[in-house]
Each structure stands twice: as structure tokens, then as C-alpha cells.
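One structure coming up, written as C-alpha cells, with questions to follow.
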Amino acid sequence: MNSGSPEIIATLVKYAVMFGVFINVAPIMNWVERRACAYIQDRPGPNRVGPLGLFQPLADAAKFMFKEDVTPAAADKLLYLMAPVLALLPAFTTFVIVPFGPDLTVGGRTIPLVVAPVDTGVLLFLALSSLAVYSLVLAGYASNNKFSLLGGIRASAQLISYELALTLSVLAVLLPVNSFRLSDIVAWQQAHVWNVIPQILGFFVFLVASFAETNRLPFDLPEAESELIAGFHTEYSAMRFAAFFQAEYTNMAALAALGVTLFFGGWSLPGVHLTGWLGAIVGLVTLVAKIGVCMAVFVWVRWTFPRFRYDQLMRLGWKVLLPLSILNLILVAAMTLAGWL
Amino acid sequence: METFFGLLAGNTLTRLVFFPTVAAVPLFFFTKTASKAAKIYVLIASLIELAFGVLYLAAHLGRDGGFPLVHDTVLSWISGYGVKYDLAMDGISMPLVLLGIFLLPLVILGSWRGITEHWPMFGASLLLLSTGVLGALLAYDLFLFYVFWEVMLVPMYLLIGIWGGERKIYAAVKFFLFTMAGSLLMLVAILWMAWTFQRLNGGVWSFAYDDLLRLNLPLHQQVWLFAAFALTFAIKVPMFPFHTWLPDAHVEAPTGGSVILAGILLKLGTYGFLRFALPLFPHASEVARPLLLALAVTGILYGALVAWVQVDMKKLVAYSSIAHLGFVMLGLLAADVVAWQGSLLQMVNHGLSTGALFLLVGMLYDRRHTKKFDEFGGLARVMPIFAFFLVFASLASVGLPALNGFVGEFMILTGSFRTLGWPAAVATFGVVLAAIYLLKMIQLTIWGPITKDENRKLADLSFREIAALVPLCVLMLWIGVAPNTFLQPSRQTLETVLAQYRQRVDEPDVRQASLRPATTGAEVAATEAGR
Amino acid sequence: MLELLWLIPILPLAGAAVNGLLGRRLPKALVTAVGVGAPLLSLLVALGCLWEYAHGQFPNDAYDQVLYAWTTGDLSIPVAFLLDRLSAVMLFIVTFVGFWIHVYSAGYMAHEEGYSRYFAYLNLFMSAMLMLVLGNNYLVMFVGWEGVGLCSYLLIGFYYDQPFPPYAGKKAFIVNRVGDFAFLVGMFALFANFGTLNYHDLFTTIATQPGLVTDHYTMGLPLASFVALCFFVGAMGKSAQIPLYVWLPDAMAGPTPVSALIHAATMVTAGVYMVVRSNVIYQLAPGVSQFVAVIGAATAIFAATIAIAQTDIKKVLAYSTVSQLGYMFLAAGLGAYSAALFHVMTHAFFKALLFLGSGSVIHAMGGEQDMSKMGGLKKYLPSTFRTYVIGALAIAGIPPLAGFFSKDEILHAAAANGQWVLWAVGLITAGLTAFYMFRSVFLTFFGSFRGTHEQEHHLHESPPVMTIPLWILAAGAVVAGFVGVPKVLGGIDRFHEWLQPVLFHPGQPEMGAGTEVLLIAIAVIVAAAGIFLAWRAYGGEDGLANERAWAARFPTLHRVLANKYYVDEIYDALIVRPLAVLSRFFWKVVDTYVIDGTINAGAYLTELTGDVGRFSTTGNVRSYALYFFVGVLLLGCWIAFG
Amino acid sequence: MVPISWYLMLAALLFAIGTIGALTRRNGISIFLSIELMLNAANLTLVAYSRQMGDRTGQLIVFFVMAVAAAEAAVGLALFIAVFRSRRTIDVNRLNLMRW
Amino acid sequence: METLIFLIFAALAVASSLVVVAHRSPVYATMSLVVTLFSVAVLFVLLGAPFLGALQILIYAGAIVVLFLFVIMLLNLQKASAAAGRRGGQLWVALPGALLFVGMVGLVFWRAGAPALQPLTADLVSLKGLATALFSDYLLPFEIVGLLLLVAVIGATVAARRAPDGEASRLLPREDFVGAGDEPRKEARS
């Protein structure tokens, strides 16, 4: 790691780019979601602030900033404070491993277009995403509120359960590629075929598990309004609530980015092999576009499906998704061995 | 025939030893209520085992009535330490093995009604016990012997502990601890001998009986080793001060357990003396003889006297076992061929007559659920057949001529009087005491007027019970009238063993342990010819 | 015929087997046929054999028949029979008397329960007794010896559902067993020194090399004395000598024919037979022989005194038997073996006759045995009365009946040997015998009836099946003596001559003919005096009146005699009870406290250690972890600094 | 470069701290946590030595340790749940039914 | 740079581990443990075992400690019930013992000196090498660990399972089970 300053600069630039993309996910999605929800429910949605209500997120942000920050008297102060921060942390760390373009040569240096070109990329992702559960649990615990606690417990159970299926479906992707690096995965897909084709099963599992991992409908049991008010973040308000909000959407985006990278070729487009700056820009745009499509699906699903019951949720996770993912793993392994992939 | 399973399939000792185990396996799949099926199954298995025994005997019994030493193919077991799987039968073990096999079906018939619970497991325990006993009798490798010796313990422990009487746990634990205490010492002694053997044999280990027999140990070492072996066997016999487990075990054990215990298990102790303790440590046994003699004679008189004052039928018979086995020990210690022949025969005799007595007590117990003398009296009127068998078996046990007990006692005492003198004369008084306590038993159970109303309607022996007793009685009579048939197979063996023992006793003590040369060519030729 | 010798014991055995195993299902007639037929066949075969033996020449003057090897090898004993002059006599007695008692039994036991069982036992007894007599070695003799003991046990306890008979049987067996113990030891000693138990081999060796038995010591005694003593102790048991006679009176609990056969005629004389058989050894053990004579004489007079005071007719006969057996041993001890055996033979006839007669009386009295309830029976039981009196005269030694000759020979032997004390004792005993026998005759058959009316009503003579044997035996009691008429009385003493070859030291000191005749006369006078006194005392209408008067005058003496000198009670107090106490002590104290206590002490010690140690077991995981940690630390210290 | 002994000292320190926790805490969960701490210290040692020796065996063992720790945690916690249900506490001082 | 990272994370590890041991609230202790684990993970990376570092986070922090937390919440272990005070006796043995232990190790290193770390070889870092070793030389232990985990899963399920319809648990006698029915059923099952 005898890195000189150019590398640091490059890294900082790359991080800035990705951060720029991901920080904006929440406000944009806020709007998208509300509008989409409205369309699905055949009503206008927020359309007063700005054209088409586009500035609504800004207004909301302002509202969050100026709202009173309430801390319940019986709460565990330290943990109560930590929870939102912990929520943001993994969300904003995950994307450092997502590649967003082909290698770029600047001044004789080859710069991989990924913030952290680590060997164990996928593992790191999994490791970090597994930490996400802490914020929920701590939030639920620290609030010292039975709804919060139940929400926290539900969240942790749900996360642990679905993480297995998620991990296993991701592992299947790694098999033919023979590498943990996401850029290798993208390269492989570019060279062969998008993983979604041979691993449609894995993708399905990944998709469902992603919904669960992000606590979104139909798996939003931890924050089911009708049962638990708002689950673990019942007590939170103002910027802390915003932090959870941000974390949720960032997580969504991160998962979407990962899913896209794993199953839909990431930044690449089939048949397109551009290099240099053009390639970088096209790659980034392609990635963002793909993420966008993915997010749209998230939204669509959210407003279309009813909520699961908790036991159904567990049953689905353990008795359907997990076996399916194992089956997928075996199939992929077999196909790999057979040389079909 | 090279593998264990190959042996198992042939007409071999392995089959004899392990057939009961194999037969026991299906019993684990019987439901515990399937008594009837289990009984019939076990009975058939035991009869097949008996058939195997007879077949084996038919294959190897010499034309002159002698029984040569026959080895199964020797298999390596724990090769690093020279432990071998080596079963062999000779004239010493043959009668005891056949006795064990012979008793098994009778035990099953005798337990038909007495055992009401977990019949399949009971049968399995009996069968496993047979394997242990036969294995211990036939093992020609001391390590193997020890393993079988311990294997015997567990099923017997279960027999007493599960199907026993009121104080069964106490009795079972007592039985187990007494026996275990001795056998551990024996293990140490065996290991020490094997270690010494390998030290003298250039690092090649062996536990084989013939090899360890080659050890020529100085007296001071022999004494310790002999003490370990003798204690083990003395407890099993049981000899006088180690006998207290026996009455408890017998009283609490179910009928079948008692019969097996008295019939064959105790013989392992005396067999151990004859096979191991005496030939392996001739000098030490010579030194210990006065002590052991004193114990044996004490045992004869003590057992008889205590038996006399018992109020429980089974306990009386149990104490009588102590006295009877005292005779056997006396004969063994006499180191006289007649006495040894008598001892060996007496082991069988005791198995038959005491076995029959235990069966009879059990039959009475099945009817009245008590064994106390107070509860009986005058049974001859309601149960004449029972009375006949009781008198018959008791008289055999008393040692009435023309029945088996006499032959054994007579030979033991004749032989031991020749070498020992007055201890044998004192021991002879035991025959008077035997009459006293056994006639007391007869008197209190079947003679006299009936004093208890419960006894007036007792059913006489059923066909099954008679079937269990008749073979025993036939054999008792046969041995009594023509004992030669039974003495002939073991005579040659005993004479050889005794000659060797005598010769070694006469050798001077050595300073250092040494190894005798392996069997010379002539002897090899002799044994080959014997085969 | 001789080759059928083995059939003689086997036939009754077969009869016993048939009756014993199947008897309950066979018709009574068949049971009788088998039960009586077997001894009859046996008798016929025996007579045939005897005839052939008497007319043939045999090596060693004996016929040996080896059936099979019982054991071989170092201890090599065949099952073999021997017919020589000695066993021939016994064979005749046993088969002849035995058969007639069987016949008598068929009548006597006709209405008893267990008829077939009775005959099975009785046949078995015959078989065993014949084996005893015919065996050619001590082991076969011992087999028979024990066999008759067993039958005695079973027959005494024949009425098994009453309390006393089984007890008496047990007593008989055990007391006999004490004797057997000695017999066994004697055999061991013989075997240990000679390696054989065969009569011929043994006696030839001993006779040719007496030093072997007189100079070798076994357990402190010369071998001959040791063996002789052992055998005599064995004989004491079987033949009811002091101190082992106690079983015989009790043995009367059995059926009367049994008493006649076993406890009078045959089994009890086995001891005498054995001593006579072993005469070679006894001759070499003079001390023991003297002891035998003394014991015999003592028993004779001792039992006779008891017999005087008994009122049970069978008890009188029982003590009489003991007394007469003492007589026989007296003879044997004096070396007059032929006299002993002669008395065995005559005694077999007249004592069997007396017992059967008493059985007839008891039969008529409906089971009553007490003479004080009898009286005046001669008119009801004429045959019984006549034969009984013949028997009584014979036993009293009135010439020319059988008892006179045999008894005379014994007294003669004592006198000839100069054993005047023993002679005197024998003489007194003879007088006492005459007295108590005629006491029983007068009490039973003379005077007036003292029983109940009901009994009187039922009085009847026994059926012919019973009276015929009585007459046969009575005839025997009359004529049996003539085979041994002493030379001084003009006879040739065939009996003595017949036995000469089997006796090792046959010669008896001679004495003057005049002295001998004088002694005979004294004996006859004493016997007659006994009878006279008995008539004086008991001949009246109420025979018991005088006795009651005497009893009142000498109460202690009467009580002691009536209670048989309290011997049973003394044995009980001196032997049985202490032994029982000792046994209980062994059981309850030694076993429970000493042995188990020692072991339990070990167990308690272990438990105690555990009790102390368990306080470290707090049940607290952390404590255990701490112990563990400390241990690891110590180990670490050892590694790091050690 | 950091000397290996630093890593090992750190591991020893963590281990000691874990030991104290395991021995002094009464809350079952806390004891468990302390044990995890000790396991980690051991893992650290293993990895350090693996590096020093250039042998990956140490790393492999760490892998196995983690797997075993996972199993241990699962079973242990399940037991605590069971115990808590019946006794309303997981204070190990009060779970001493196995005492003599 | 490396030394700095080491020092920072070593300090963090020690500090957080002290919190783990000393804090009365199990939740804090658990969270501190996460910090420790994270620090150790960093040290793993520093030692050239990035894979293990990732695993450390993934398995320890992501799964095991979450399980702890989960149980703590499930049992609702507040500070009150969580060990009010500790046993002095134990501490007075454990503390010197621990110090002795550290001192011992320190002494050993003092004696041995401080050899520099060996340079990192590519082979050691290589994930492929690790995997190859795992599935060849260590296949049996690997399979055994797999079996162990399976057993643990089953065991944990059985142990934590509440018997249906108030029946006594398989592990505990019924009388001890009274009053356990007031927790929500769903949680117990997961």
C-alpha cells in the first residue's frame, strides 16, 4: 500500500463521484416513490412544490432540519444517538466496491473505476451489509419502547434470515467467474452473458431477499404501521429520522447497484466496448440507469403487493428461498463444471 | 476360514461363542411386549446353539473318548501388542462349555413364567452372557480372556439389576464391584506378564497363553502375580472371605440368572485357577497352598453351616454353592490327577444339581412369590412331581452315590487325601453338613403336614417345567452311574497339565525372569499328532 | 446261572423304576405283581447262583463279575460283583428274608395310600442292599451303603404328611452320614496307600505284607488301626452302635415291615458285614478290635436296659435290635467273625419275625403300638401269638432255637478269649433280653385286654398273606441255628467251616469242653431266669400293675430308662444347639459385619473422601473455570519458569 | 514494520481481559462475550504466527475456530433461552443445581 | 503508517474489550465487542489475512454477535437483572492471575526480543491457496466442522424450542417451566 498522492486523489475523486450518485438517491426516490405511488393509486401525488412537485424533497429536507429533535426520557442516550449513524455507515460504505466503468488510463496510470479495488470485494459487501442490522436493533433497543423493541427484534431476525439466501445467491454468481472482484464479474458478463440469463433462479432469490434486506414491502414487518406504528424508528424524528430514511434508500441503491453488477452486467452494455473517458462516462451513466430501473421495480413492488404475515415471512425465507438458493448454487456449480458457463 | 466371519460360518469355536450374540441382535427389534415370540425365538436359538455344541463335539471328540486341544484359526487382533484372537478348546474347557450351552435352553424354560417384563431384553442378556462365558472359557490369549471376562459382567449385572428381587440394585452393584475389584488386578498382572514377555522376547509382544506359559519368573514376582490372579478367581469362585456377594446376588437374581450364575459363572473362577493361576505360577501357588487350602476347607464347613441356618430357600442353595465350590478348590489345590478330574467333574455336577435346585426354587417362587421356609411345608401332597425332583436334585447335591455329586466329591477327596492328608479328612465332614442342610430344606418344604392354606391348591409342575428338569436329572444319573464317559475327555489333558505343573514346581527358584525355549520339536509333533 | 449274578440287584431296581415312575397309574394288582415279583425273581436267581457257587470251583474261591468301568485312569474302579462265601450268606439272608417281607407287606400295606411308592422304595432298598452285599470293592459297597441309607430315609419318612416320620428319617440319614464320613475317610486312606479298593487285591496285599499297614502311619495311627477305626465309625452309624444308635428307635416311625426288613434283618447288619468283610484289617488292629468289642458290649447292655422300660412294642424291638447288634460287634471285636455273621443270620430270622408279628398286632389294633393298651391278644391272634412266642424264645436263647446257637457262640468267644468282663456283660444282656422280650409277650398276649371296646371289636387275625411269612420266618428262627451247632454239642459247625476261607485269622482259642458246656448251661439258665422273672412280673391279669409299683418305688431310675437316658436331649444340647448358634453367628455376624463390614468400610471411606471433596463442587461454573484457570497458570509458570 | 511480539502481546492482553471477564461476570451472556474475546485473542495469535511462519495453517485454524464459535454461540444461547424460561435468570451463580 | 494503524486499532481493541468486560449493560458490552472484533479484523488485514478479516466481520460481527444481541433483547436483560455486582473473591483471584499471565507472556517476549515481522508472501495472502488447503489437506476437519454446525443448529433448535401446548420442555422439568408463557410466541420460534 505504498500509495502516492495521485492514488489518493484518484480515490477521493472516485469516492466523490459515487457519493454524489448515492447521496441523491434518497431525495430523488422520495419524490419518485410518492409520485409513483400516487399513479398506482390513481391520484396526483405531491405536485405543488416546484414543477411536478420536483422540489418536494428539498422542502422535506428543510422540514427535517428544522424539526425538533426529540429524545425520549427513558431512552438509552448513547445508543439512541448511535443507531442512525450506524445505519448510514454501511449504506455509504458498500458502494465503494461497485465498479462503474472500464479501467481508465490517466497520465500513464491505470485507474480502475471502482473506489476500492479490493480482492475480496463481494465479501466486503456482504460483511458490511451484515452490519446494517445493528442500527435497527440498537434503535429498537435504545428507544426503550415496546414497539421499537419488537421492531428491532423483527428486523434483526429478518435480516439474519434473508442474508443467508442473499449470500448464497451471490455466491452462485462467483462460481463461474472464479473471483471475488466485482470488476471481474462485470468483465465476465461482458465476455459471456449477463448472469440473469443462466441464473434466473438466483436472481429471483436475490431480488426477493433484497426486498427483505431493505425492509421494504412486502417484507416491511419491522416497521409495519398497523402493527408496530413505525417499528424501530417510532421514536425518531427530525434529522435522525432523516438519517434512517437516507440509509434505507441508500441501502436500496447499494443493493440495486450490486444486483445490477452481479446479474445485469454492471456498467457494461452488451456489444459495447468503449474505453477511455468516453467509456468511463458511458459506464457510469449505464450503471446509474440500470440502478434507476431497479429502483423503479422496488417502488412498483412496494405499492403492488400486500404485506406478509411474520410467520409467512420466516417460512418463505427458510423454507423456500434458502433451499432455492442452494439448489441454484448446485445448478450453477454443475453448469460450471460441465463447461456451460 | 481366514477371517472372523469365515470362522463364524464354519463348525468352529467362533460360531459357538458368537452365535448367541448374532442371535441376540434381532431381539433388540422385538417390542417389549412380544414376550411369547421372544421366548420361542430365544429357545430355538439356544437349541441351535446346543446343536452346534454337539456338532463341534462330534467333530473333535477322539475315538478313545479323549478330547485333544483344538484351535480355531488364530487371527491377529491388536497386532502392535501381539494380541491375538485365539479360541481353543481342550479337555478342560470342553465339559464346561458344553455345560454352559446345555443349561441355556433349560434356563429359558425355567424363566418362562418368572420373567414378566422385557422378555426380549432378558433373552438378549442371556444370550450375550453365554457369549461372554463361552469366550472366557475358550480364550487362549490372556488379553482376549480378560475381555470376555469383563463381557460376562454386564449382562449378569443387567439380569440381576433389572429382573431381580426387592434389593436387586444392591445385589447387582455388590456383584459388579466385587468381581470388578479383582479383575482389574488381574488385568494389571496380565499386562505385566506380557510386558515381561516382550522384554525377554526382543520386544515382540504376546498375550498368548502358550507364550506366557514360557515365562520362568522368580518366586517373588510370581507371588504378586499369583495373588492378583488368585484374588480375581477367588472372588468369582467365591472362596471363603470373598463370598458375601454370592448369596445376595442369588437371592435377588431371577431364576434364570441364578441358574446361569451358579451353573457356569462361578466355574470361571475355578477354571481360572486350573487354567491360569496354577500353571502360570507354580512356585507361588505352592507357597500359597496352605492359605488357600485353609480358605477352601473353611469355605466348605462355613458355607455348609451358614446354609443350614438360612430361612430362605434360595439363600440356602446359594450358601451350599460356597461349600460345593470349596470342594472343587480343594481338589484343584491338591495337585493330584484324581482330584483334578474330580474337580472338573464337580464343576459340571454343581452346575447340574444346583442349577436344578435353583430352577425348582424358582418354580416354587413363581407359584407363591416367596422363598421362605415358613411359608411352605407338606408340598409333597399337592406337588408330588415337584417333590420328586426336589428330592432328586437335593440328593445329587448331597452327594449320594449313583448320582453325580458323589463321583465328583469322591474323586476330589480321594485324590486330595492322597496328597494333602488331614485337610481332606476335615473337608470330608462337609458331606455330613451337606446332608444336614439339604435335608432340612426338603423337610421344611415338602414333608410334614400342610400348614398354609395357600399351599393347598398349588398346581404341580407343568410339562414345560418337567421338560426343563428332566434333562438335568438324566444327566445327573448318567454321571453318577457311568462317570467314565465324562472323565475320559479331560483325563489326558489334565494329566499333561499336571505333569508340567509338577515338573515346574520341582524346578528351583530363579533369580531373574527368563523365557523357556519354545515348544520343542517333539512336543510340536505330539500336538500335531494330537490334532 | 452265575453270569446272571448282576440281575440280582438289577431286578429289584427295575421293579422300583416301574413302580416309582408309573406306579400311580398302574392297577394295584400289577403294582403288587411287580413289587413282589421282582424280589421273588431276585431270590430265585440268587438261589440258582448259590447252588452253582456251592457246587463249583472258582479261583480264589470267589466268582467275580465285572460289569463296566466306573472310572478309569489313576482312580480305576469297576462296577463289579463278587460272590464269595461271605457274600453268599448275606445274599441268602437278604433275598430270602426280603422276599417274605415283601409278601407280608402286600397284605400289611394293602389299604395304605402310596402303595406303589412303598413298593418302589422297598424294591430300591433290596437293590441297594444287594449291591452292598455283592460289591467286589469298597466303592460298590459304599454305593449300596448309601443307597440303603436313602431308602431307609424315604421309608422312615413314608408317612410324609405327618410331622414326626420325616423328622425321624432325616435324623437317620444324618446320623448315618456321620458314619459315612468316617467310612469315606477310611476308603481314602486305603486308596491313598494301595491305589485300589478291590477286596481281593487289598486283602491279599495286606495279608502277605502286614507291615504295610502296621508300620505306616496315617494321621497319627497305624494305617490298619486308622482304617479299622474309620470303618467301625461307619459301622456305628449304619448298625446303630453307641454313640450313633439314636436314629434307630426313631426309625420305627416307618411302616412295620420296613422296620422288619431294614431296621432289623438287613440294613443294620451291614455294619457287621463290613467289619467281617474287613476282618483282615481288624486282625491287624487289635486295639481297635478291642474297642469294637467294648462298644458292642456296652451298646448291648445299654440298649437292653432301655428296652425294659419301653411300652411301645416297636420301641422294645428297636432297642432289642440295637442290643443284638451290639452283640454282633462284640463278637466281631473278639475276632469271632463267623459267630458275628451267624448271629446276623439268626437275628435276621427271629427279629424279622418279631417285627412282623408286632406288625400283625398293630394291624389288628388299628395302628395302636402301646403295649399298655393291649393284653390278652392270644385268643384273637393265634398264629401271630404262636410265631411271636417262637421268635421271643429264639432271641432269648432258649435251645434249640436259632438264637441259642448264635448267642452261645458269641459268649463262647468272649470266654475263650479270656474277656470275662465282656462275657459277663453279654450274659447279663442275654438275661435282660429274655426278660424284656417276654415282658412284651405277656403284656401283649396275656392278661386282659386294656384297650377300648372299639379296638376290641375289631380285633382279628391277619390274612394269610401276612401269617404265611410269619410261619416261614418262624420256621427259619427254629432251624437256622442248626447250621452252626457247635462241636461240643455234637454238631459240626458248618457255618463256621463255610466261612473259614474268607477269614484271615480264623482260629479261636480252644477251651475245655467241660467249661464250654458249663458256660452254655449258665447262659440257658440266665435266659430262663429272665423269662421266669418276666412271667412273675407281667404274667398276671393286669400285666402292668407290678411295673407301676416298681416305677413308683424307683421313680428316677424309671424316668431315666423310659426317657432312654436322655441321650437325644444331651446330643441336642451339646452338639446341635451350639452348632446352630455358631452357624447363626457366622451368618449374622461374620458375614454381615466382619466381611461385608470390612468391604463397606472401604466403601464408606471412599464416600467420605467424596463428601469432603464435594465442597469444592459449588455448582458454580465460574468456580470451575477459576480452578481450571489457576491450573493452567501453574502449568504456564512451570513451563515459563520451571 | 510492527514486530510480531506486539501482536502477541496485544493478543495476550485481550486474552487476559477476556479471562477476567469470564471469571468474574455473573451474567451468562457476558461470560459468553468474554469467551468470544478470548477466542479472538487466540485467533489473533494464530494469524500472527501464521504470518511469521509463512504457513497458512494458522489461518485455517482461525477459520475453524470461527465455525466452532458460531456453533458454540448458537447452542449456548439456545440453552440460555431455555434456562431463562424456566428460571427467569441467567445469573450463573444461581444456576447451581449441579452442586454436590 | 502501518504502525500507526496498528497502534490505533490495538488501542481501540483493548479499550473496547475492557468495556466488554466491565460494562454492566449487556447491550453495551455486546456493541463494544463489535468494536473489538472490527479492530481485530483490521489487524488481520494488516497481518495479511484479508479474507479472515472479512470473515471476522461477516461471521462474528454479522452473525454471532447479532445473535447475542438478539437474545439479550429477547430475554430483555436490562441492567438490573444483568449481574448486579460481581463476586469479589473471583475477581481477586482472576485479576492477579490475568496480570500474571500477561506478565509471563511479556517476560517471554522480553527475553526473546522483538523480531521483525516476516515479509508478506503472495502465497500467504492468496485466497486460492487457502481454499485449496481447506478442501484438500483440511477436508476432513472441514467436513467435521460442517457436521458440528449441523448438530449445533439442531441442538439449538431443540434446546430453545418451547414444547407445544404448554407441555414440558424436553430439557427442563415442568415445575420449572411455570410462567414462561408470557413471551410472544413468534420470537421464540425464530
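As written, the chains take the letters A, B, C, D and E, and residue 1 is the first residue of each chain.
Keep this in mind: contacts are C-beta pairs under 8 Å (C-beta built on N, C-alpha and C of every residue); 3 or more make two chains touch, one makes a residue touch a chain.
These numbers come from a predicted model, not from an experiment.
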item	value
For chain A and chain C, chains touching each	E
Far-end chain from chain E, centres as C-alpha averages	C
Chain located farthest away, centre of chain B as origin (C-alpha)	A
Chain closest to the middle [Cα centroid of all protein chains]	B
More contacts between chains, C-E or D-E	D-E
Distance from the mean Cα position of chain E to that of chain A, given in whole angstrom	28
Cα-centroid distance, chain A relative to chain B, in whole angstrom	81
Chain A and chain D, separation of their C-alpha mean positions in angstrom	33
Whole-Å gap separating chain B and chain D, where each centre is the average of the chain's CA atoms	57
Residues of chain E touching at least two other chains	51, 55, 63, 67, 74, 87, 90, 93-94, 97, 101
Sequence positions of chain D contacting 2 or more other chains	19, 23-24, 26, 93
Residues of chain A touching at least two other chains	none
Full enumeration of touching chain pairs	A-E, B-C, C-D, C-E, D-E
Residues of chain C that touch chain D when the two form their complex	614-615, 617-622, 625-626, 629
In the complex with chain E, residue positions of chain A that touch it	1, 76, 78-79, 82, 118-120, 123-124, 126-128, 130-131, 133-134, 137-138, 140-141, 149-150, 152-153, 156-157, 159-161, 163, 180, 310-311, 314
Touching residues on chain E, where the partner in the complex is chain D	2-3, 6, 10, 13-14, 17-18, 20-21, 26, 29-30, 33, 36-37, 40, 43-44, 46-49, 51-52, 55-56, 59-60, 63-65, 67-68, 71-72, 74-75, 77, 81-83, 86-87, 90-91, 93-95, 97-99, 101-102, 105-106, 109, 112-118, 120-121, 123-124, 129-130, 133-134, 138, 141-142, 145, 148-149, 151-153, 155-160, 162, 169, 171-173, 176-177, 179-180, 188
Residues of chain D defined as touching chain E within the complex	1-10, 12-21, 23-27, 29-30, 32-34, 36-37, 40, 43-44, 47-48, 50-54, 56-57, 59-60, 62-64, 66-75, 77-91, 93
Residue ranges of chain D touching chain C (in the complex, touch as defined)	19, 22-24, 26, 31, 92-93, 95-100
